[in-house]
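Heads up: the structure comes next, in structure tokens.
Which chain is which? They are A, B, C, D, E, F, G, H, I and J, in the order written, and residues in each are numbered from 1.
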Amino acid sequence: MLFAVQMTVELPPDLDPQVREELVTTEKEYSQKLQRAGKWPHLWRVVGEYSNLSVFDVSDNAELHDLLWNLPLFKYMHITVTPLAPHPSALAADRQA
Amino acid sequence: MLFAVQMTVELPPDLDPQVREELVTTEKEYSQKLQRAGKWPHLWRVVGEYSNLSVFDVSDNAELHDLLWNLPLFKYMHITVTPLAPHPSALAADRQA
Amino acid sequence: MLFAVQMTVELPPDLDPQVREELVTTEKEYSQKLQRAGKWPHLWRVVGEYSNLSVFDVSDNAELHDLLWNLPLFKYMHITVTPLAPHPSALAADRQA
Amino acid sequence: MLFAVQMTVELPPDLDPQVREELVTTEKEYSQKLQRAGKWPHLWRVVGEYSNLSVFDVSDNAELHDLLWNLPLFKYMHITVTPLAPHPSALAADRQA
Amino acid sequence: MLFAVQMTVELPPDLDPQVREELVTTEKEYSQKLQRAGKWPHLWRVVGEYSNLSVFDVSDNAELHDLLWNLPLFKYMHITVTPLAPHPSALAADRQA
Amino acid sequence: MLFAVQMTVELPPDLDPQVREELVTTEKEYSQKLQRAGKWPHLWRVVGEYSNLSVFDVSDNAELHDLLWNLPLFKYMHITVTPLAPHPSALAADRQA
Amino acid sequence: MLFAVQMTVELPPDLDPQVREELVTTEKEYSQKLQRAGKWPHLWRVVGEYSNLSVFDVSDNAELHDLLWNLPLFKYMHITVTPLAPHPSALAADRQA
Amino acid sequence: MLFAVQMTVELPPDLDPQVREELVTTEKEYSQKLQRAGKWPHLWRVVGEYSNLSVFDVSDNAELHDLLWNLPLFKYMHITVTPLAPHPSALAADRQA
Amino acid sequence: MLFAVQMTVELPPDLDPQVREELVTTEKEYSQKLQRAGKWPHLWRVVGEYSNLSVFDVSDNAELHDLLWNLPLFKYMHITVTPLAPHPSALAADRQA
Amino acid sequence: MLFAVQMTVELPPDLDPQVREELVTTEKEYSQKLQRAGKWPHLWRVVGEYSNLSVFDVSDNAELHDLLWNLPLFKYMHITVTPLAPHPSALAADRQA
């Protein structure tokens, strides 16, 4: 079951650079673990913003919330979630998603 | 080069049913031709709305505009376009997108 | 799996009264069938508006979209969908929802 | 008498972790006391946000305001209140709410 | 129990003048009946707009919805409802409202 | 001459509790003095928010601005002002306001 | 007593040209009568829009509402009203406004 | 050439009172110098807000930007600029502005 | 003197195709005449929308308003105007604009 | 390939003046290097705001993101990106852009 998720990050400009780097590194590891597990099939940068557009593939709403709630940058993020369904004009291969 | 595109359709409620059906059929054919050509790699329905979230893969802005401008439903649509770039946390395979 | 859904209806003021009544009657039957099936566990009127706040209980996003897309009043509605998850402070009984 | 209430929490990212934990614990106890008393019949997490969608069952506006004003997290919350009424299409059992 | 209600009217500019006059006359009679019954204690014009700011005094949400739903101009109105409670700084006399 | 005024208060969560209490006490005295003078005939709490809906009765715009500018909580408030006029459907007694 | 008023006109594109011209002519005469009477001391065009920014000088809210309500184009306008007061930094001559 | 300019001031509530007073005094002197020079012909207070509505009379866009950029309170302001033109219904005297 | 202008066109979907074509042709001629005269130095299509982003070079606000007001598609457009000034970081050649 | 980019800067009012000056100087050098390279063909100041409207000429989305992400003031900016395409009414010379 797919959801589009947009995450916009707002780190305080005066955040300690080392804290910032650790946060970003931990976030990257967390994200890649989910990508490898097939939970986070798409991750794109929104041009010109500290923001990404992602697609998650989860078994239900509760799983999606847990994955997002535990993002290392969660408390610095504004997140919007859009549930997706197969589109009747999509080619067969895509409709299985 | 990827772009996220959201298309929201507003057909007049009193549109002639046959005209409506022809429009929708033509739109589907147009869309599937672009999907087969690899120009429109993702097409999802936004749950509960007459709207889709799509990803286009084009060579430049002008090509994207031409593809959208010629959508059979274009004059009934509200469209938003978001340029995408590779995300530094995306796994290597995905970063080629 | 639960979703909050707000449906706001905008019928043209000059809609033929008989058409209007048939639409509203069909909508009511459709809604009550889903209520009896346990798919639409809550349905409240928003005070002062031709709008409702509902909760749907479905197996996935695609089922929710199908139920909403087939609402007899769909083409006269503006719909927003909010995915819900169990709340950690909810009492045990409620968390099963 | 029912009201939909959405509460969105914004805790400062640099809040002392112990203060944060005490606040969240107190909030949970306060919420569960009201749930047991039948005043707060529904409490759901909004997926991907530090936010909940709730339904309150109170005798009047003043009681609702007192319950909300005394939430331990009140000063960190943005709250919206929507008065609800029975819906004419709701099945009899539900209309008593 | 008090509610602030703002009603904004949008009559089609080309509405038949006689229909318009009948609507406005019926609305006035309906409003004055409720004013005399003490249900609609305040009714003010918003300067420069076809809009009013009103205060309703009702026994519950359902009564308020019924009064608003049956406004002769309801289908031409956009309505917002704000639940009110006694203010702790209001003088004793006013707090009974 | 009447004006609807909505005042929303945003006190910093970490404001010194004693300073906070003094501010709120001074605000209450200031408000009640104006209520007794007939300048502030209505003061209601907006349910669920640190906000009030008020009606002021002043001789002109300048007097209203002076009363609002000197609110002890002014620098912590967001204020909106709506000029009111007698409504043609209001009963005679009310139209004198 | 001064008010800033912005009036934005939305005439239906298919309005009969003669009706349109009569409306605009009547509006101009109405406006100039008020300008000569000193009620409408400023009238500027907002560049690029069918909209004006005006300043009215009236004795009270009710007078302002009557002047606006009777604009020949009123039913085609969206109007916003902003009450003005003397500014403490304005030179003496201007503060009399 | 005229421009409407709205300036809204947001001084931090905990700004040192002496710094605040100096800023406000310098702003007043700056404003009055421009008023005397005929560059800032109108300056009104927006009722209930720390905001003004002004009209500037300048020779071009660049001059307007320089005047605004150098306002002593500039870094605490949110500013909107609206270009104005003569209105065809304005009386001859006013149209020269 | 430069202004950024965004024009968004909303032609009724059921506009007579011949009328539509004449409008678009006349608009193009009007635009190209102004481009040749140096009044409209930039004209770009906004990707995916029936909208353009333009830069105008005019002697004053009144000239800009006249050029826009006389656009053949004016009554079908929503227009926003942004005054521009030289940027202190722009290279010398560009600053003459 | 062209993109319109609006950058709005929000420097904290209490930023150390020397840090501020260094940031602004570095930003200017960075901008001028890109202007000389033909990547940033237009840079205008938005009148009355700490904001610019720019046009970038890049080979693809990824290049644009890299140029913006590395702006010395990036973490103090709010940026919006609008993809542009040739306009069918633009004169031949301009359409090559």
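In this text, a contact is a pair of C-beta atoms (placed from the backbone, for glycine too) under 8 Å apart; a residue touches a chain by one contact, two chains touch by 3 or more.
In this text, all values refer to a predicted model and were calculated from it rather than measured experimentally.
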What is the graph distance from chain C to chain H, where chains are linked when they touch?
3
Compute the centre of every chain as the mean of its C-alpha atoms, then state which one is farthest from the centre of chain J.
E
Between chain E and chain I, tell me the centre distance in angstrom, where each centre is the average of that chain's C-alpha atoms.
44
Indicate the whole-number Å distance between the mean C-alpha point of chain F and the mean C-alpha point of chain G.
28
Give me the residues of chain I that touch two or more other chains.
2, 45, 47-48, 61, 64-65, 81, 83-86
What are all the touching pairs of chains?
A-B, A-C, A-D, A-J, B-C, B-I, B-J, C-D, C-E, D-E, D-F, E-F, E-G, F-G, F-H, G-H, G-I, H-I, H-J, I-J
Residue ranges of chain B in contact with chain J within the complex:
1-3, 60-62, 64-66, 81, 83-86
Interfacial residue positions of chain H with respect to chain F in the complex:
11, 13, 45, 47-50
Where on chain D is chain F touching in the complex?
5, 12, 61, 64-65, 68-69, 75-76, 79-81
Complex contact set, residues of chain E against chain F
2, 4, 27-28, 31-32, 35-36, 42-48, 52-53, 82-91, 94, 97
